Amino acid sequence: MAQPVVTPLCEELRAGCGDVWQSLHEHPFVRELAAGTLPLETFRFYIEQDLLFLPNYLRAIGLAIGRADGDEEIELLVSEAQIVVGRELESVRALLRRVEELAGPGDAAPEPAPTTVAYSGFLLSAAARGDAVDVMTALLPCAWSYADIALGIADEIAEHPIYSDWIRFFAGTEYVDSIAERRATLDRVAERAGESRRRRLGALFATAARLELAFWEMAYTQEQWSDMEEAR
Amino acid sequence: MAQPVVTPLCEELRAGCGDVWQSLHEHPFVRELAAGTLPLETFRFYIEQDLLFLPNYLRAIGLAIGRADGDEEIELLVSEAQIVVGRELESVRALLRRVEELAGPGDAAPEPAPTTVAYSGFLLSAAARGDAVDVMTALLPCAWSYADIALGIADEIAEHPIYSDWIRFFAGTEYVDSIAERRATLDRVAERAGESRRRRLGALFATAARLELAFWEMAYTQEQWSDMEEAR
Amino acid sequence: MAQPVVTPLCEELRAGCGDVWQSLHEHPFVRELAAGTLPLETFRFYIEQDLLFLPNYLRAIGLAIGRADGDEEIELLVSEAQIVVGRELESVRALLRRVEELAGPGDAAPEPAPTTVAYSGFLLSAAARGDAVDVMTALLPCAWSYADIALGIADEIAEHPIYSDWIRFFAGTEYVDSIAERRATLDRVAERAGESRRRRLGALFATAARLELAFWEMAYTQEQWSDMEEAR
Amino acid sequence: MAQPVVTPLCEELRAGCGDVWQSLHEHPFVRELAAGTLPLETFRFYIEQDLLFLPNYLRAIGLAIGRADGDEEIELLVSEAQIVVGRELESVRALLRRVEELAGPGDAAPEPAPTTVAYSGFLLSAAARGDAVDVMTALLPCAWSYADIALGIADEIAEHPIYSDWIRFFAGTEYVDSIAERRATLDRVAERAGESRRRRLGALFATAARLELAFWEMAYTQEQWSDMEEAR
């Protein structure tokens, strides 16, 4: 059957929030990471918050599995969860250990900063309210922008005992291929989606991209709740 | 049977975030609302965001009903939902119509501001992850602080064609009594809770109280996503 | 805008499982209830299982609220929950007390029979997997068939100290009107539904109708798990 | 720290439903499977229902991930999902293809039988209502009894072009080890559980074991909804 020529969903989604996507690449956190000049304590703050965020990313995948329509969606989501558990979490924990070797131990039980709460809540609420395609869309900016950012700075990175490994992980073949597979699945699933559905997916993607940007900003400024700032 | 003397949970929860609770009363939005000097467009922004927030408040109650342990919890939660649907939503919509009569129509389809997304997400994620007691705790600061604030300024309010009604609704007997009932139920349920459970409830309550404060601040500053600010 | 002439969803759903629907009216439990000849212990078993089932019916409504699309769906679902909590549960509990007055106390903590587990599980899994319209459809045969059955036998009921009240409740104006409202909302919401969606709703409705029939059969035979039968 | 000597949870759970557990081993479906005398159409019916059941088993794991307390629970659940997706589903589909080679194509779109609906619903409702430990407990009898049954008949199986492979998969080291790991995790997690919690877990496990038995019976009798029986 001839399909009408439609822009693949993922391309449309990224184009729909072009300015925010560009800002992700230009954020000082990312620039200083590439240059190797990012203060180690700033990176530690980021890694600690990431380790508070990733379990919620996995919980959102889990809820999406609970609501998945058929075997294809279930299998893709389980494989995404497997990559986060088996590769990403392990890699992020290794980075934290390296920071601790270089800079000493950090806070034993760091608290989620406001943007970690907001971003986690956004993903879990998309999962609580929507279906598996909604969740796959809300999760995509995080995974995709990491690959995009890492590929964008892979050629210019200064050698650094820790940051180079962060970039190599997300620019690595395994990670980049997994993003391509997710995009392909979402594009295929979305061929059936009507206008209003695509608009809703566009809103989810755009909000997630904004929260990605807010997450870098949170890390760069070591954001705190206002009543806790005075306590520091 | 003699109960050990324990501080009732709700009193403990409020004491645990005393500074934030105090800040709620002192926020310029609240002060100017009482004085009748709050700009109408600021109030409109607040009301519009509240109408985007309240359905998520109801969704969180719904998910908690889905996870409630027994008939007592179910019945309390249904009655809370009934108050929001049958009284609060109606009252807030009436306020918006009054604003529109006085100041003309607003944006036909306002978008959720960052703090509305964050607070909605926090409630829905508490509901997606936790049980009914977790959700009741996360929902409490919103309802309780409104009654508390309204009672606190009830004696000093300047007459105002709109704001006085807002205050009267939340300082009214029906609303205030419903809060007392919720607190009593939560106190009773929590008598069985151990130390670690009470700590987790304390964290949920404190985060919700901070998001309440952030909500007033959002309204007062007419907060926007940074990429949309330039577009205004 | 002119709507194409479509059979209203609910009419289509009931027609789609016509034989089962007819069997509900003819089940010996229902016939003997109308004739006043149903053994009181059979009715007690039914009422006890109903009191184990209804909280799950409410939990399914709750989960549907958590996933509802907009204010109209939320408000309808909250009002359904309100009717079950405020009227139906109260009425069923009163019937149980009357049975106990007439026939003495029953089992202090009856266990859910296999069909109660199956029907509860079906509703909660429809709610865990689907959206609010799925849940409203899965819940409908229970509520609708009760009104239908009660109206069908209202003219022929023998006077009975307990059974007449059961019939009067479900044939009463308040209950019957609430069903009409639910059908109207579902019909309206489903005008937007395509073929494949209507098929899925048809399957949910048919399974729920079969489980209704199984529930009467369970009560009539005082069904038990096979390993517990020997223990009786 | 010295632990009090407690029976490990899983041992207690199995002992708590000893008769049902024993009946699983003795069910004619299992006996005829071992003897190689089970009619191929009976096995096909079983496999088709299993392929309708397993996605719901995965959905329940997914919902449990959404509600998991910490990283250990999340990682165990993702690994369970991975085994079902990556090994079990593949193995069951291969068995169905072998049946089709030997006995010709079956029904293109088989419908879930009553017990498949009941068991799926039970698992999803445990996941909709409970926490991750509840779900792990409700899922355990299925996985554990398969390994137990397969190990029990591994020495006596008649050579059969299909059934021998079914038994070898579930008696295989990889599958058996994964069960041991699940039991160990659940035992460890449950050391913290009080009496009433253990009782609730016992009820979930017992119901799941009964539904396992009902599933073999369903397959053996090629169970149908009563209104569909006449149509066959």
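Should a chain be cited, it is by its letter among A, B, C and D, assigned in written order, with residues numbered from 1 in that chain.
The working rule: contacts are C-beta pairs under 8 Å (C-beta built on N, C-alpha and C of every residue); 3 or more make two chains touch, one makes a residue touch a chain.
Keep in mind that this is a model prediction, so the values were computed, not measured.
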Worksheet item: Between chain pairs B-D and C-D, which one is joined by a greater number of C-beta pairs in contact?
Response: C-D
Worksheet entry | Between subunit A and subunit D, centroid-to-centroid distance (C-alpha), Å | 35
Worksheet item: Hey, how far is the Cα centre of subunit B from the one of subunit D, in Å?
Response: 44
Worksheet item: Distance-wise, how many Å sit between the C-alpha centres of subunit C and subunit D, to the nearest whole number?
Response: 30
Worksheet item: Can you list the residues of subunit A that touch 2 or more other chains?
Response: 59, 63, 66-67, 124, 127-129
Worksheet item: Connecting every touching chain pair, does the picture come out as line, ring, star, complete or other?
Response: complete
Discussion item. Give the list of subunit C residues in touch with subunit A in this complex.
Written reply: 66-67, 128-131
Worksheet item: Which subunit C residues qualify as touching subunit B in the complex?
Response: 55, 58-68, 70-71, 74-75, 77-79, 81-82, 85, 89, 124, 127
Discussion item. Show me the residue ranges of subunit B that touch subunit A in the complex, using the header's touch definition.
Written reply: 17, 19-20, 23, 56, 59, 63, 114, 117-118, 120-125, 127-129, 207, 210, 213-214, 225-227
